[in-house]
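Look for chain A in each of the two complexes below; its partner is chain B in the first and chain C in the second.
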Partner chain A sequence: MLYRLDLYRRLIGVQMRSQLQYRTAFLLDTLTTASQVVTAFLTLALILQRFDNVGGWKLPEVAFLYGMVEMAFGSMDMLFSGFDPDNFSLQVQRGLLDQLMLRPVDITLQVLGSEFIVRRIGRIAQGAAVFALGLALLPIQWTPLKLVYLPVVFASLVCFFGGLFIIGATITFWTVESIEAVNIFTYGGTEMMAYPMSIYPDWMRRFFTYIVPAIFLNYYPALYILGKPDPLGLPAFAPFLAPVAGFSVLLVAALFWQFGLRHYQSTGT
Partner chain B sequence: MTPIIRVTNLRKYFRVSLRAKGLVGTVRGLFTGDYRLVRAVDGISFEVQPGELVGYLGPNGAGKSTTLKMLTGLLVPTSGELHVNGRVPWRERKAYVAHIGAVFGNRSTLWWDLPVVDSLELLQYIYRVPPAAFRRNLDEFRELLELDAFLDTPVRSLSLGQRMRADLCAALLHNPDLVFLDEPTIGLDVVAKERIRQFILHVNREHGTTVLLTTHDLSDVEKLCERVMIIDHGQLLYDGTLSGLRERFGGKRELVVDFAEDYADVSVDGVEVAGREGPRVVYRFGREDMSASQLISALSERFRIEDLSVREPDIEDTVRRIYEERLLE
Partner chain C sequence: MRLYLELIRLSFQRTLTYRAATLAGLVTNLFFGLLRAAVMVALYNARPAGSSPDVAGISLQGAITFTGISQAVIAFLSLFSWFEVMNEIRSGDIGAELLRPFSFFGFWMARDAGRALSSLLLRGFTMVAAYALLFRITYPTGAVQWAALGIALALAWAVGFAWRFLVNLSAFWSTEARGIARFAFALALFLSGFVMPLRFFPAWFVALCNLTPFPAMVNTVIEVYLGVLQGPALAQALLVQAMWFVILAGLAHLAMRAGMRRLVIQGG
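And now, the complex of A and B:
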């Protein structure tokens, strides 16, 4: 276990060093990503000003949710860059998996260590800024439980998004090329989760409750922390399902990934 | 001696879908039976003893790389048995690959953005090579492969020949029991090829490393391999020594004779006169027809000879004929 951690640290260290070599490009990239997030949020803020609220959520409340989801996605995108479906399918076509399979260490660990995109820090920072703005404007009644639960929700979101990336990457074993459908799934999913789920049509909300349990990772924990009533009438423990939902998605993803690897070993594509 | 590689009736069939790529094509492909079966490796058996240096030859698409991928644990065979170095490669991947090395000529195993030396150090950690052994091997290989000039250069900026040398070094740093080299000299100039051949020979002789290599360059084989295997259409056509191959399929030899005078009639029974240019005559004769010494004594009885030489048919011609005429079937 220690060996694995150390190996991971080394693989990541290598990535960081080579990315930081090009300092200007790195800074520009980071700024671009960051400004995209800000623009998106400003657009939302303008819309909110006209309509006062989104599905009963005021601007600072949306900022809280939006900031949290953005931070979590950004962190995931940095940690799980190796599984980014677009990049992954390209790397596989270039023989990445063959290369990793020839080394006497875990393949999953190596894929995780094969890419670590430091400039995602921009997205995380902007998410954090929006989140802080929300916190500052909101009269949240903090309790010890809420304080402990917030990082748990964050970690669960990271697991959840990581699971989506892994599933997306695994699909490309069969499709060879990365496909837009996978991107709609991962990036579209995030976008959607950054807003209160109550604004979406019923069928969609049901899908994100019972099939992909996204609603337990953003909407319900936010309701709980912000002290808002539940308009959807799920049981009172619904806000606390975040770790269960996040972990099970990651677990399903891991199993699918193992299945994909076996498929790869028998087809070579 | 127990063989280090034992392959029994090995097969690898690929299903190639006839559908379009992309999501729709893939999903449809899962349900319809629209595919073509490619028999990349179709029932191959052989054994390799420790310390052998074997050439694995065959025309494009013969199934060489597919065999090597199974031997290195990258692919699971469709059927047949595979025991290498006491293990079943695909079943015990991690334990198995710790003791082998592999270079797939068209791809690098090194980190693209890292200086060569950093890559090598990372591999030292991954293969858990003791520092002393690492230093010793690196020093040795550095000299043999002349790596010093580009040890600090990132892999992406290396020339093809430099990259191949770095890759060879990386594949052997952990003292593997055997190495698989898939076209290790592809695309290299004569000097680079020669250096790599010397290196392979050195590792085989001095470290006792078993080597199985594929190549399209027959001078690789002539300089390195005692034993060759020839495959085509996934089947083993020949397994034996290079000289045996030459003897069986060598075609005709040529004797070039410089006579002292311009004789009018230089013909010999059963031997073809392939060319004549003044006093120089070229005879062509098959192995079955007569030996070189018989022909020479027959000539020297009748004529005065100044000089002579025997030309063996070259191996390249031999193998080309085997591929083209499918002589071994």
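And now, the complex of A and C:
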């Protein structure tokens, strides 16, 4: 275990050193990803001068949702970028995965260590800024349980999105090309979870409750922490399902990944 | 002219070939459209009871239509990314292109026209059709508005192309051109009225946007489609689009001339 950790640290270390070599590129990319988060939030803030709220949620409350999901997705995108289906499919196409498989080290560890995008720090920082702004403006009644639960929610979100990345990567074993539908869940999911989920049409919300449990990861925990009533009438324990939902998605993804590895046949190039 | 028509035709066919990619892109665009429409409904419904049905002259139906139209023009205007000229400069392929006996700008504009046309057919019209099935959307009324929409779309593409081309030329000066371009695209998206109709924003912000060419790329098309621009205001909006095209195309030509002087092609 210690050996694997050390190996992972080394793999990541190489990545970081090489990416920080190109300072201008690094700064520019960080600035760009960050500016996307800021402009999106600024747009909402300006629009809400005219409309007041979205589905009963005021700007600081939406900032809570938006900041949380952006921070979590950014962190996931940094940690799990080796599994990013768009990049991973290229590895499968070029047969680079075969190369990794020949090495006497766990393949999952190698894929995980094969990419670590440092510039995502920009997205994480901006997400954190938006989140902090939300917290500062909201009169939250903090309890010890809420304080403990907040980082759990964050970790669950990271696991959830990480699981989606792994599932998307595994699918490319068979399809070779990256599947656009996966982007609907990852990038579409972040967009969707940035708003109160009560605003979406019933069929969509049911899908993202019972098939892909996205609703329990950000919306319900936020209802609990902000002390808002549940308009959807789910049981009272619904806000506490975030870790269950997040870790089970990651678990399913890990099992699917193992299954995929056993059936991987290479592209033959 | 024949040459340019032929270029348009070829690039039109090339884009038509990637059907699976087109379908996948369409599904993603539609999903995001549904999310954006839901946000619109929530925004409109959140206003106190008894407030007027329209916001800044746009009804809820119009606002939902806005999300559909803006999603429909993403591929047509290549709103998120376009690095083709930049890649050519970086790889040195531009050397061969420049030897050809026609304008480099015109060559790319013709190619992009073909790409844009097929994207409009495959991803634009289909997107609006999907919206028509899912929502009650609005349509332009009368020959004048339809004609104006056609002109606005063509000019929006022309302005957008000149802007994308200009941004791509930064590769003459910097190896970080991709990063510069990403930043430029993000900025354009923010100020173009793609995310929300510009009318919804505070006046100072709209004034700021109007100092840039970006509203001419998206917002004008939307306002013409929704019919909020009529008569002289409509003509003026189209003229502003044309003006931005002339300015950006002029800048692109200047930048190209300056860039050529710096260009060194390695043999090989």
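Here is the rule we use: the second predicted complex is superposed on the first by the 264 of 269 C-alpha atoms of A that agree within 3 Å, B and C clash if a C-alpha of one lies under 4 Å from a C-alpha of the other, contacts with A are read in each partner's own complex, and residues count from 1 in each chain.
In this section, a residue touches a chain if its C-beta (ideal position, glycine included) is under 8 Å from a C-beta of that chain, and two chains touch if they have at least 3 such contacts.
Predicted, not measured: the structure shown is a model, and the values here were computed from it.
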First, second, both or neither for A:Leu7, with chain B first and chain C second: first
First (chain B), second (chain C), both or neither touched by A:Thr267: first
First, second, both or neither for A:Leu20, with chain B first and chain C second: neither
Partner chain in contact with A:Pro104 - chain B first, chain C second, else both or neither: first
Which of chain B and chain C A:Thr43 touches, first, second, both or neither: second
First, second, both or neither for A:Ser35, with chain B first and chain C second: second
Which of chain B and chain C A:Ala181 touches, first, second, both or neither: both
Contacts of A:Leu145 with chain B and chain C, given as first, second, both or neither: neither
Partner chain(s) touched by A:Glu191 [first = chain B, second = chain C, both, neither]: second
Per-residue touch tally on chain A - higher for chain B or for chain C: C
Where chain A meets both chain C and chain B, residue numbers: 179, 181
Residues on chain C engaged by chain A in the complex (per definition of touch): 21, 24-25, 27-28, 31-32, 34-35, 38-39, 41-47, 55-56, 176, 179-180, 182-183, 186-187, 189-190, 195-196, 200-202, 205
Chain B residues touching chain A - in the complex, by the definition given at the top: 14-15, 21-23, 25-26, 66, 69, 72-76, 90, 93-95, 97-98, 102, 104, 107-109, 111, 113-114, 118, 122-123, 125-127, 154
Parts of chain A lying in touch with chain B, wherever the complex brings them together: 7, 10-11, 14, 18, 94-95, 98-99, 101-106, 174-177, 179, 181, 262, 265-268
Chain A residues within the chain C interface of the complex: 22, 24-25, 28-29, 31-32, 35-36, 39-40, 42-43, 46-47, 49-56, 179-181, 183-184, 188, 191-192, 195-196, 199-201, 204
